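Listed after this line are the structures, all set down as structure tokens.
Note that subunit A is present in both complexes that follow, paired respectively with subunit B and with subunit C.
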Partner chain A sequence: MNLFFRQTLAIFRKDLAMEVREGHHLVSIVLFGVLLLLLFSFALSVDPELMRRMAPGLLWLAVFFTSILSLSHAFRKETEDGQWDGLLLLGTDPRALYLGKLMTNLALVLLFQAVLLPMMAIFFDQSLPLSLGVSLFLGSLGIATVGTLYAGLTASFREGQLLLPLLLFPMLVPVLLCSVNVTALALAHDLFGQQRAWLKLLILFDTIFLLGSLLFAETLFDRS
Partner chain B sequence: MFVLSVIAAAFFAFAEYRGLFIVPPDRMMGDVYRILFVHVPSAWMSMLFFLLSFVGSAGYLIRRSPAWDRLSYCAAEVGLVMNGLALFLGSVWGKPTWGVWWTWDPRLTTTALLFVMYSGYLILRRLINDPDRRAKVAASVGLLIFLNVPLVYMSVKWWRSLHQVQSNPNSMDPSMVVSLRLSAFAFLAVCLLLLIFRLRLAKKEADLEERLSLPPEGPGAPRAPQSKVTT
Partner chain C sequence: MDMAVEMLGAGKRYGAHWVLSRLNVSIRRGDTVAIFGKNGSGKSTFLKMIATLVAPSTGSVLILGHDVRKDKGPIRRRIRMLGHEKQLYDALTARENLRLAGDLLGIPAPERDAKIGHILDRLQISRLADRRIDELSEGTKKRVVLGRLILSQERTDLLLLDEPHPTLDDEGRRILDDLISEWKSQGKTILLSSHDHAQALRHAHRLLIIADGTVGYDGAPK
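Right, the complex of A and B next:
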């Protein structure tokens, strides 16, 4: 078990180091997210009150689109350079590979949030309460959990990058609805405690798909 | 098989004829409601065949036999056709009855998402060449999609709970109920036949795939078509 966690952490550290060294990649994705927020405003309305109301939805759409960009490249080293076989030959547990990748993707989604959230607050005139943190984390975990599994599945063929959003977004509809509603309620200071039900559903989603993905990762990540 | 197909076709024609011409028109909706006899059965069949597809996926994960995998995707194909039909017919019915082609009702929205999810599942299968790998990936994805359906339904329902728009209580004429049941069984017969034909085709496809992947045996054996090698 100890070995399992060491493998997971090693993969996480390797991926993180790689992402930091190829920083231009991350910077362009984050900039794209900010650009999305601008484009949403251009396309939708000049009415500041309306944009204020739509802000949570727009934030999560921007998070979804930036996440899919980073997810579709999450396994590029593994497939291009034959690292996947290499890792398995070294005796890496496929589930550790999945978990390590999951941690990287979660970290990246949280990074996008960390940039997009203040930008959203500036563009759409919001003040950010601390209670927002929980929903942001749980929503990002949902994206990363299913996203990592599907990115791994579609990484091995060329059309996979095209297919990934088609497979992933319908699966993430509960995450989108829960996250947007929790965020909207948190921004409105949630006087009636309506967040609880949405948060429970979000936790249920995360748990089911984390367990399901771990179960399937053992066979699906066993070969590239 | 031919006899069965003829019987199913005749049964289908009878059930739909009865629904279209014999059963009385509805008090409120007139003749428009008759789409019920195709719309409701197709929606039921799509659920039933997606359930069968899930059974196939689960069966494959437990037993690892290609037959379960074939059941899974053949049922998904029939279910997808029925799902598309139900969406289309529902939309045609919704325009004169509700005044709109589409409403964000939880059932409608979930059905539309199912259409996208199972389309993705079938496209994914086309992209993987190795049969073993394909079956494993498809079974996992099929299982996850099925697990997700209640979550999608629940979240969409909560999302709409503030302004639920329509409900449709109706006390039906007994002859309508009979006709609806007849239609449902007619659809079931047709769909089962489609599934059986598709399963036979899938078996042949699998056999062919296996034969093409093996090297030809001896000089007399039928040769697999080889791609030309140019140097």
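Right, the complex of A and C next:
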């Protein structure tokens, strides 16, 4: 296997193993997301129709906040005892490091979605069509792509955890906007076929973010 | 002459403060050089600059014929550094940490596992290999770090050892001294920074003293 892909997979496997072993951290984040959705549903419970219409936006807000918590943790274990330098000194391509981390973060955002989506269906009285899967995947990819780059960028700053959401949110506005619209249309069974245009836009943003992040990762993840 | 390290007017500045300046150093391939200096004299920055982890602010630095600013990849594939930081993952076992290093170096899986088995035996930590790093003593952790150096030694031309002795137990020190002798006999270039002068001079035939951010003495140990 090509060394670049072997390095990418090695980083992904390492991160996934560590996330599983430190499962209490993941459980806390997921519980936080569920609690957020529950609070949103309480706040809007006076108007059930409004609550149903707001459900896609509130789902993506919950996904955004849980992802932030997870992303800010993603690089902490690389800066505790010089691990990041260690990876570079073993000849790891900075882009392989970025891609490996991206794969882990995408897996985690999808995991959060898998828990939060049924919770949203229960709290906001929604049925879940199968077509929702595509929008959830593409939205999660957008969050993971930019999120991984910015999490790596802010990891060495003292106030990096505070800085990350401030930097990330403006960048993610297009992805969140598309994801909310695609999700809303999918939940409404897309009677007029409008979902496709939003999906194309989402794919465009994901592609631009992925290529741009790969381009910058070589410089930003090298750290010297 | 084939050079491992060539520095010409190299320096490193953090803000307005020059940590290192006016460095003119040439080290031939196969040499073993001891680097002495007080705490904060810039020894670690000097080694990190050679390791491509710190970019020089001025001057030129060539490592194994490659420019540290342009050719980091080829340099990193042929150097190893043992520094103050262990660079291990606490949540992984000793064996998993070594496997990760093997994968990143591109060693085929069967060869990697066989090598790791031998290394763990040599370092006398086979029975601890499947324990998490955060369950091991400091001395054992340092042996795992040594294991990572051994795993890649065939591909290594230049070894940077930054005060490797203090955190090792007696047996660990003996193993490290054996390794340094082995690497010397294989013609590898070794830069050894240490506060234990006697220990370092047992291996080195050249001494470099860094004082006030520059080379204060460069020559044979007296």
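Just so it is clear, the second predicted complex is superposed on the first by the 220 of 224 C-alpha atoms of A that agree within 3 Å, B and C clash if a C-alpha of one lies under 4 Å from a C-alpha of the other, contacts with A are read in each partner's own complex, and residues count from 1 in each chain.
Note that a residue touches a chain if its C-beta (ideal position, glycine included) is under 8 Å from a C-beta of that chain, and two chains touch if they have at least 3 such contacts.
Computed from a predicted structure; not experimentally measured.
S.K.: In the overlaid three-chain picture, which partner chain does A:W198 touch, first (subunit B) or second (subunit C), both, or neither?
M.R.: First partner only.
S.K.: For A:A10, using the defined touch cut-off, is the partner it touches subunit B, subunit C, both, or neither? Pick first, second, both or neither.
M.R.: The second partner, subunit C, only.
S.K.: Now for A:I208: first (subunit B), second (subunit C), both, or neither, which partner does it touch?
M.R.: Only subunit B is touched by A:I208; subunit C is not.
S.K.: Could you say whether A:H25 touches subunit B, subunit C, both of them, or neither, answering first, second, both or neither?
M.R.: So A:H25 meets neither subunit B nor subunit C here.
S.K.: What is the contact status of A:H73 with respect to subunit B (first) and subunit C (second): first, second, both, or neither?
M.R.: neither
S.K.: After lining up the shared chain so the two structures overlap, which partner does A:F157 touch, if you call subunit B first and subunit C second: first, second, both or neither?
M.R.: In the superposed model, A:F157 contacts subunit B only, not subunit C.
S.K.: Between subunit B and subunit C, whom does A:L166 touch in the aligned arrangement: first, second, both, or neither?
M.R.: So A:L166 only meets subunit B here.
S.K.: Could you say whether A:R53 touches subunit B, subunit C, both of them, or neither, answering first, second, both or neither?
M.R.: Touch status of A:R53: no partner.
S.K.: Indicate the residue numbers of subunit A shared between its subunit B interface and its subunit C interface, in ascending order.
M.R.: Overlap of subunit B and subunit C footprints on subunit A: residues 223.
S.K.: Mind pulling up the subunit A residues that touch subunit C in the complex?
M.R.: Listed in rising order, the residues are 3, 6-7, 9-10, 14, 17-18, 21-22, 77, 80-83, 85-93, 222-224.
S.K.: Please name which positions on subunit C make contact with subunit A in the complex.
M.R.: For this pair, the touching residues of subunit C are 51-55, 72-73, 76-77, 79-81, 83-92, 96, 100-101, 103-106, 148, 152.
S.K.: Can you check the complex and tell me which residues of subunit B touch subunit A?
M.R.: It is residues 113, 116-117, 119-121, 123-124, 127-128, 133, 136-137, 140-141, 143-145, 147-148, 151-152, 154-156, 158-159 of subunit B that touch subunit A.
S.K.: Residue numbers of subunit A touching subunit B in their complex, please.
M.R.: 146, 149, 153-154, 157, 159-160, 163, 166-167, 170-171, 173-174, 177-178, 181, 197-198, 201, 204-205, 208-209, 212, 216, 219-220, 223
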